[in-house]
Amino acid sequence: MNFASDNTAGISPEIFAAIAAASTGTAMPYGGDPLTARVEARCAEIFEHAVAVFPVATGTAANALALASLMPPWGVVYCHESAHILGDECGAPEFFGGGTRITGIAGADGKLAAAALADALGQRGTHGVHHMQAAAVSITQASEAGRVYTAAEIAAIAAVARGNGLALHMDGSRFANALVALDCAPADITWRAGVDVLCLGATKNGAACAEAVIFFDPAKAADFVFRRKRGGHLLSKMRFISAQLDAYLADDLWLRNARHANRMAARLAAGLTALPGVRLRYPVEANEVFVDLPERVSDGLLAAGFEFYPRGEAGDRFVRLVTAFSTLEAEVDEFIAAAGALAAGRTAR
Amino acid sequence: MNFASDNTAGISPEIFAAIAAASTGTAMPYGGDPLTARVEARCAEIFEHAVAVFPVATGTAANALALASLMPPWGVVYCHESAHILGDECGAPEFFGGGTRITGIAGADGKLAAAALADALGQRGTHGVHHMQAAAVSITQASEAGRVYTAAEIAAIAAVARGNGLALHMDGSRFANALVALDCAPADITWRAGVDVLCLGATKNGAACAEAVIFFDPAKAADFVFRRKRGGHLLSKMRFISAQLDAYLADDLWLRNARHANRMAARLAAGLTALPGVRLRYPVEANEVFVDLPERVSDGLLAAGFEFYPRGEAGDRFVRLVTAFSTLEAEVDEFIAAAGALAAGRTAR
Amino acid sequence: MNFASDNTAGISPEIFAAIAAASTGTAMPYGGDPLTARVEARCAEIFEHAVAVFPVATGTAANALALASLMPPWGVVYCHESAHILGDECGAPEFFGGGTRITGIAGADGKLAAAALADALGQRGTHGVHHMQAAAVSITQASEAGRVYTAAEIAAIAAVARGNGLALHMDGSRFANALVALDCAPADITWRAGVDVLCLGATKNGAACAEAVIFFDPAKAADFVFRRKRGGHLLSKMRFISAQLDAYLADDLWLRNARHANRMAARLAAGLTALPGVRLRYPVEANEVFVDLPERVSDGLLAAGFEFYPRGEAGDRFVRLVTAFSTLEAEVDEFIAAAGALAAGRTAR
Amino acid sequence: MNFASDNTAGISPEIFAAIAAASTGTAMPYGGDPLTARVEARCAEIFEHAVAVFPVATGTAANALALASLMPPWGVVYCHESAHILGDECGAPEFFGGGTRITGIAGADGKLAAAALADALGQRGTHGVHHMQAAAVSITQASEAGRVYTAAEIAAIAAVARGNGLALHMDGSRFANALVALDCAPADITWRAGVDVLCLGATKNGAACAEAVIFFDPAKAADFVFRRKRGGHLLSKMRFISAQLDAYLADDLWLRNARHANRMAARLAAGLTALPGVRLRYPVEANEVFVDLPERVSDGLLAAGFEFYPRGEAGDRFVRLVTAFSTLEAEVDEFIAAAGALAAGRTAR
């Protein structure tokens, strides 16, 4: 039973069916197929805006390519200090950008606050050509602490970004989970709030390997095709990525999967926090539960074969538990029960 | 009916079944799954050598990452002037290498000749630090003209490379097609002949998106994991790439698919060359047919909906026709019949 | 009268004489001249160690090239948060390194503390390939706050670096000023303390444009010549850079110039701190004085034509005053007198 | 006696005097000095056009920075196959451009012909995103064979460039030598003929280390300052580069120096071609003489201590002889006399 990450899950059946449907016959390569066109059309409809959409196979590729298209090589992107682009992509943004820089800013709940951003930008000084130049802001929806940015929070960040001439990028690897948590329109937390480019994740929410880079100003996407090809991220049989995205966005699958995952996280959080010595680090809004477990509980669960990542702090165990579209209620309950048994001094199962 | 490329085909049923089998349950991400380990084991067995194997989703990524690991940023890789790395990857090798250079060398049949390589290397002069430094040689198996390199030809190239301190890379996007054409052991045309790194293609031969970078000296692969991650080419749900490669290499599927595609190419070539005014540009050894068609035939076939790429030369039409694992005999025959009808002054169908 | 920086000064007469001597006749280009060889020999003697020495024209080039030779593209260099490489080189290290990263660490006196470095390295976690990899440490001698690192402090930092497998780089743009402040052997605060590569500045201490990258392990410098040429930093008439360095290192000129500049800074600090409302930010050890001046004094001095950089903070003025080999005692005294007059409510002059 | 290159010469007395004049007193750094401003004003006057001018210390830096500012990372620059940017800069353009490509085109006299350029561009095909994109053309004035491009030839190349949407760069490391050979206005062979950016050399014609990147459309130079700083090519004591350029352009010094060097080359060519068995490879227009010498003559001259670069071909010796502003008539005559003696079967001197 795996709560290590939502990327340990398999493929959502509807997405799998789309791959199956695309697997026979022929189609023109490199995105010249009807499915790829349909993904763009779906995004335009869902986001209620003209868009340029580029499917890629990984979130790191999506983020790095998107950021490179928003910044000169001497640009700096500001983000929360826990951002995936800063800590988990082995410097992909720096590489794709030609030697750009990422500046992390502290903030509660894994979220960049508009005021903190303004403060950081204000401290840049006026050192001209000697400084790398502020060029973009990146926020992660949901954040690396499982919190969501409201439309108002995004708009406040966008206002600071615009006021400093910076583009706004959203790493939306868990965008759907945030969206259903907020229960708003996709447009409300993207272009309407000032987001320029969204990296829309599907992999963590039911796809095998599919992300979409969405430009809300298609005119700014002119160079993207070269960056993608040159990065080795233009798949020849693109239809197999597009098929995933097409199914993901059809019939609200992305929302249904996200709602399920969020519900499982809420259930998990509720069950665990009822146990003695268990403390939530952050309110659970999306599909991640950050929780301190008593050492005996954490160690016992791992020993019993439950999979999750301890965060490596001493004493009480700080762990991250992630639910997915495929997480079963029974699995959640079994985990809670095992934790409860351990908390009560018994064995896990 | 599509002879434009082998990347217009779908997914080989056995490979699709492997994706299906992997699509449920959970697995550790980023290659920490059993399928990825099994792919490496299969490669070691098939190639009869210790290997380090890295699955990626595109051939361009495979080539660019492999070359970057063989060269300093001021390195030059020598290849045939028609090589995919030179003309079809939008500078991916230069980008991943940090500003490396690719030098194309003319040669018959899309093949680099050992003597031509030696000649090019001999002309470099001794200009020291002012010159970029020769660092690697890359050959494409099968070549961009559909010809195959024999073990002896590869060994001759490798000898020149070694003699000049250069690494030898093989772009094997159609490696299986060449292998069955040569009817030899995989080792014979790779490490035994002096190849250091093979980019083994599967996408063109039945996979959806799966290539494997194979180092025959695992010690030289130490940095590869960082390059791959940093390039955005480490898939989180890696098992869906590995599942494809695993099925591809199991039960000789790769060889069976390649044999079929090669047979279809041979059948197509035989049928077309029997027509008046049709001339083969190169002997057909793998799964590509390069042929001059009378203008009326070429134009008529395109008008009738047959898909293939004209090569853009005036007068008689020079076209490339590619067969795949999924090409049907009936399709080949229909194409030949239509060409025959057009050659005889009738309509295509 | 210019206290803005030591780079506003001209050329030390002895260095100018060396340029003059080299200006006639011919010499082989690109460092194939006797002066360049003599610079390396002088460094070997002065530093009491085998060295590989590479003259370049700017400190930014020296630092960026040196760091690039110590790190892979996915490497991280740790330094003090005020380091020139982080805040004043427009990303040159990231550019030359191929997308590396610089992590600034807070610390008193512009100095990186060994304990803070160990702490930062300890927090890296063990996230493997997802993380950029710690690769190097850089310290600035004298620091950006005008303080010097003692041999013991450097050794402590080097011990942490070594323990983590990291190389140690020293930005020595004001190395001579630190050296005479410490009154020790050059070796004591470089290789003997664990420094791998020193960027020895001369420009700020009397040269027109001359810095030397000094590797204490010549074997590690093999690639440097390619990086330098490729960076456009191999001067054809190299002898005019080498002549500067040669004179700089001859007859203790570098030490004499630095002693003079340091004395002028001490005199300036002594004079200013005797005035009411003036406060030193850091003890003055080298040739920089960081001081808070009453607003009326600061503004009055600027209005009177004295040149220096206000640091941009509100209320009382925080300014940096830098002395050089060419600063006259009379200039220092005039500055102090003017500040005194302003502090006493009179005009500057 | 050194005919190896014009970069073996020293400093022109007028330029040296300018360095001397700048060597005392203070000036604001990084180009904030009056001399740097004056260089730009001089260029505007001399070239009869608004310009943005950026002094740098090496020709490789000038070329690489200029080209990077004209091309995206996936751009291709076309030039003659003997161009310095292709064969003598260790990949600096590729590095500064972020992985660009240089395509060399064959042509007589080291010169790119408009027709050959058009032909090469015509063969690019229409392969879209898979291809690197043609972005710029670079020509070298005077060429690497010592020939000059006429205004008409440049205009023809510019027309092809413009017709294909490409920028035109001129490597003018020997621009002055070409200019006086053509006896026209600087504007005639630059912006009036369609050149976008000129890298104006001074080092080979009397400076110590000074080149100027000149944009004829200052609006296109906005990013240049960041590229230059980031490349480590913004000198702190910039006035010492600018002083060289200022003197170079004052009172026609650049033209006088170039005329002298050209005269010496003509004298050398005339003297040598009068000898038996000596053959000019190219007409001598600027300050380079490419000549085949009998082996006995070539070897004898080298043995006698005359310095020049043999080009490495067997049998008769193909050598390059370069004259400079400082070459003495007596040196030329001595060389000719020595060659004549050797040709006549005697010793060199």
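As written, the chains take the letters A, B, C and D, and residue 1 is the first residue of each chain.
In the analysis below, contacts are C-beta pairs under 8 Å (C-beta built on N, C-alpha and C of every residue); 3 or more make two chains touch, one makes a residue touch a chain.
In this text, all values refer to a predicted model and were calculated from it rather than measured experimentally.
**Student:** Which chain is most remote from chain B in terms of Cα centres?
**Tutor:** C
**Student:** Which chain pair is joined by more contacting C-beta pairs, B-D or A-B?
**Tutor:** Ranking A-B and B-D by C-beta contacts puts A-B first.
**Student:** Matching A-D on over half of contact pairs, by residue number: which of A-C, C-D or B-C?
**Tutor:** Among A-C, C-D or B-C, the interface that shares over half of its contact pairs with A-D is B-C.
**Student:** From the C-alpha centre of chain B to that of chain C, how far is it in Å?
**Tutor:** That pair's centroid distance is 52 Å.
**Student:** Taking each chain's centre as the mean of its CA atoms, how far is chain B from chain D in angstrom?
**Tutor:** 42
**Student:** Using the average of all C-alpha atoms in each chain as its centre, how far is it in Å between chain A and chain B?
**Tutor:** Between these chains, centre-to-centre, one finds 34 Å.
**Student:** Considering chain D alone, which of its residues make contact with at least two other chains?
**Tutor:** Only 73-74, 89-91, 95, 98-99, 129-130, 226, 229-230, 234 qualify.
**Student:** Once bound in the complex, which stretches of chain B touch chain D?
**Tutor:** Interface residues on the chain B side: 73-74, 87-91, 94-95, 97-102, 125-127, 129-132, 312.
**Student:** Okay, in this complex, where on chain A does chain B touch?
**Tutor:** These residues of chain A touch chain B: 1-2, 4-5, 7-11, 16, 19-20, 22-29, 56-62, 64-65, 89-92, 95-96, 203-204, 208-209, 226, 229-237, 240-241, 307, 326.
**Student:** Going by the contact rule set out above, which residues of chain C touch chain B in the complex?
**Tutor:** 30, 72-74, 98-99, 129-130, 133, 223, 225-230, 234
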